[in-house]
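So that you can tell them apart, the chains are marked A, B, C and D in the order they are listed, and the count of residues begins at 1 in each.
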């Protein structure tokens, strides 16, 4: 890498990676059989071990119990954790808690921090984030029907959300709701902290994602809010700042995801190579001797390396100049890395043949679940169009509606 | 299409398609929740209705209760059935029974036909086919470890198979086993009819395919055979003909599969178009107005049409000149159509956004399960290499080992 | 092929192909050195031979000296001629004369036929077609600036055209000009026969296409028309019918081109195979043993076969039901085949390595000149969008401006 | 970029870029008409200007008249020069002189430096490099037929070379010839400095590359050597070191090329954006409003950025650890960047429509000439295979012949 990590961070990343390979990867076969819910007790024991080793909550400052890594440093950690489907959970880095903690840390009041951030940071509770609505395209984040009306000192919220990750079992949900429908499009909504025990907040179902409704953290709920009443001091940040906060959250989130995807891709490539060496087409003639397989290895290597450089470059830009300055780089990262992941997973699966279709390796799990990478936080098409429009504007293109 | 179907066949295909759209497609939402096993009673009632309407078992001759369609005609039927994941089952055209019935019809003794073919043809029992072994690449069909040794008038079989589709609940399994290890590679194995109740034949597990072990017909078993004893008259065809029979079975099987994939792709494209019209990016601006989406529709249309022409052309060649003469066309069909399917499913899923990841449409089911199309019955790479070698030989290339 | 050609046509195609391989292919090395202009005398001698053998002008009816083939039959001829860059010329099938002759045959007055069609049909003169204008996107054929104003019994034409193929040395040019700017968009223009000797008609330059301005038929001119005066009886078809005639001309033209591209692709694939067998990476190890090369051969075979089936299917639809009914098929053919050609040429060039960059084989010539296939007569993007809009309309999409 | 250039180098790069845009880009239209030979006098005047400004020969140390940039720094310069087809020549950075100067600088004797390096460095003479032979695949650099036999104190050389860039008009050619056919494969050949006036050295032709034989520096010769006699002190480096020196030369060469390609790609993307804004599909509706075009812009941006990061990372590795340590990175760069270039050129051409086919922009020139990027210095397939083999070896794969 062009800019090597400082020693302390490099050591940290190495430890995270060793822990993942030694303690989490071996649980993978059980994951298929037991699911996250069945495996949770074991994972929670590992969480204690992670805390003991001083690896807990790497991306948050030390004052709330984290390790205080920069975004660039945490990016490397996220890659290391990406090597196994449940490693982020074990280090308390799982979405959506990671983003929720960042928001609370940056924008929460002292009371909000005490009540919500600190227990989250200690791993005692979990949280969720309710933004996308079934009725509107998620790619247009300012188009929302959920309404929060003021009533005395409360908000009364009515709405319908889905893809609310980890809602089941979460203690509170950050709900994006329109607080002023007459404001300009980007200032209509606010984010409101809603305890999941609040009357009127109801889970319709855990969404059946590629055959799995899952449970607890490993689930994505469809929820309804009917006359859900919370005090106005549960609003996060100023009124109308919902969209701005969501953007604030998404920038680093895209870096985290992209580095996780790189971890997934590296692991897929390792599995591909190992299997290609082991599996024989005929006695003494392993798959790895085929130049089609060799071409896939080389192309995967190139595309993964390109992805990592792009992500680290974007992270460095964000650390240095902030999210706005880095938005071209973030757009590039989002669609480039998600598509790289698709290709690498597909090659790994193809080399494994029938075995690739089975949950005997994590490839099939990633193949079906990480397909979502090209969709959430803005589908490929949206990022490409918005990047191109900014480039064209710099070439003198006039704005159109 | 260049060569239109005769009237009788065209009417038949239309009826199959209407039946599928009216009676089977509406069951799809239940399929996600109940699985095939839960849905089976309802599907079996539909089977009775199919029999009443004279649509049952289209590909087999009338003397065994079928409708006597040619391969070309049945190809159209298979496309119509492909529109829904369980339609082939309802018409008794599901793999591996369809291939097993063809083998028994062509090569079975009268006793074998009476005992195995007729109950299958009536839909009273199901069957399975045990060929692939975990220890050897499925792409090299002559490399098998399963052994059938003669002992008096019996065979005693030892071996290990997987991807034995529908083994659970089947009455018998056609097992491919080496009967003469010293014969030339393509004449070592025979196919043997093994009742699943035979001692020593044991199911290890239903393979967890993309998160689903499934059950009954909708499952793929790993099985072991330890000292499994069956009379030698349970061999199908001559000794050493196992590989030849497997090839005989695969040719039409690839046509059936390819046309089923086209049915899947057509349905995906319909869903894509309908959703693109319905789903708005902003009020009054549906997805279908995006030229990226339009390009995907046009490319899908082109690739599906190309696929259908290729398959029908291959089917016609097979009807006219036999499987050997058509083998280039069959290879082309196998890899071209499987890859077309991948692209069309991917586009349909992407247009559906988050919804595309859910079992609320059949797209997610196909996306994870039909990924296998590029693997089974010969992965892309094997078909490409063997086709190219035949082409190069006609240009004067000398054979190499 | 699904629908074999009638015997007479099959024999005709075989003869065309033999003639091309025996008499025209051997001239290719000279083409690079001498260019079309230098080679013309030799080609004109071959034209006489073609006439003697009764192969001249295959696509026009016998009453004007042609062979009266159907579109489907001529499609096969165009493939055979596509095998060499100048074969269409030798058989008097070269664009734009082929389209001009069809227009004159269908829509010309007796006087126009006598003066323009018959000498063209005999190969005594050449013609050109002036449609595209540098100022407007060729993909929007109704947006033209060239004006023909009536003055007494004459038209006086002012305008600017480019990509006027074969203008240099042609006797007349069919010029598309706006005759009524106030008519609805598709009825504004007319086609007018303009002798190239008419005062005010001037060639600015032969366009430097990929390094070659070429000459005579093998050139594409930029021309200006300043006060060019021709009698109104030189209008082809009714006033305002220019666009309709252009469409009429384009339908079969796209079939001709597409089959020519298939001929090019087949020839490239042959050259690829032959070179891959001949060229050794190391002693005794020809390129053809690499499975990457084999994969390219197989993919090219599949894509060429798919292309041919699509084109013949479209041609048959046009012969049977007319151009309007076949317009989906024509759009598919236009972009699918042009892109197939790109890929096959690229693979052939890559296998040839450095040699592929040289004019020592025809591959480099096609690589640079046939890149235009994805652009002229409607670029990929236009055909995809218009096809998709028709498909979406059938799914209920409402029309937008 | 992660690691910003030191100020001095950044200023240098900016000056090179301004000079290129102000003085060389405006000559492009003449290049099409006059060719390199016709433009040479003007370019040679610009060379004087470059010297005056202290920008001459950036990659060589100051002691031979260069600017002493590191490889990483020069990489940026090469990108700036890549913006125009003849800019490298103007700065005396053109292949093959750049590589020849590096070799002479590193391995030349004092006499060789005085006679050959210094005049080259001053731009008074040009040189060429004779390696590839028509009879053997260039991708196998140890397979050569050219022989240099000792005779007294001389070598007598017989052989046949092609793709000897800039041979016409060069003062000497570095010829790769087998000096010991019995040595191990990688130690058979030596590099020998052969004045082009030596009897027996004859140019057969300038190769017709994509329609252009070119001339002087802008040409690629086929040459024969028949009894060519030079003193043994004209050998460069030790006997048998030819292959090692060629490798030494290729590593930085690939970085130079790759950065040049990035310059080409950036310029193509600029032209694409500018034209897309300017060109209207209909009044008021520029091409740039199409989301297909926007997707191409975004994808090009992503792929160019990825390419630059990969090249700079490789250059940094080479500066820091040497070529051997960086060979994986160099392989990645070679095939990834060459393919990126292909895609970006293709998109730029397609957006330009008919104009893209013309020499009116430099796109068509690059499209036909830079196609060679995927071939020379090792075709894609060779780099992919050798990279994959190294990766597989690290996973425990045993070596095969």
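Here is the rule we use: a residue touches a chain if its C-beta (ideal position, glycine included) is under 8 Å from a C-beta of that chain, and two chains touch if they have at least 3 such contacts.
All values reported here derive from a predicted model rather than from experimental measurement.
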item	value
Maximum centroid distance from chain A, chain identifier (CA atoms)	C
A-C compared against A-D, more contacting pairs	A-D
Whole-Å gap between the CA centroids of chain A and chain C	52
Inter-chain centre distance, chain C versus chain D - centres from mean C-alpha coordinates, in Å	38
Distance from chain D to chain A - Cα centre to Cα centre, in angstrom	43
Residues of chain B whose C-beta touches two or more other chains	290-292, 295, 381
Complex contact set, residues of chain B against chain A	32-33, 132, 134, 136-140, 143, 162-163, 207-212, 279-283, 287, 290, 292, 349-350, 353-360, 364-365, 367-368, 371-372, 374-376, 379-381
Parts of chain B lying in touch with chain D, wherever the complex brings them together	290-292, 295
Touch list for chain C against partner chain B, complex	1-3, 270, 273-274, 276-277, 286, 288-289, 291, 293-295, 297-299, 301-303, 305-307, 309-310, 312-313, 316, 328-329, 331-332, 335-336, 381, 383-385, 387-389, 391-392, 395-397, 400
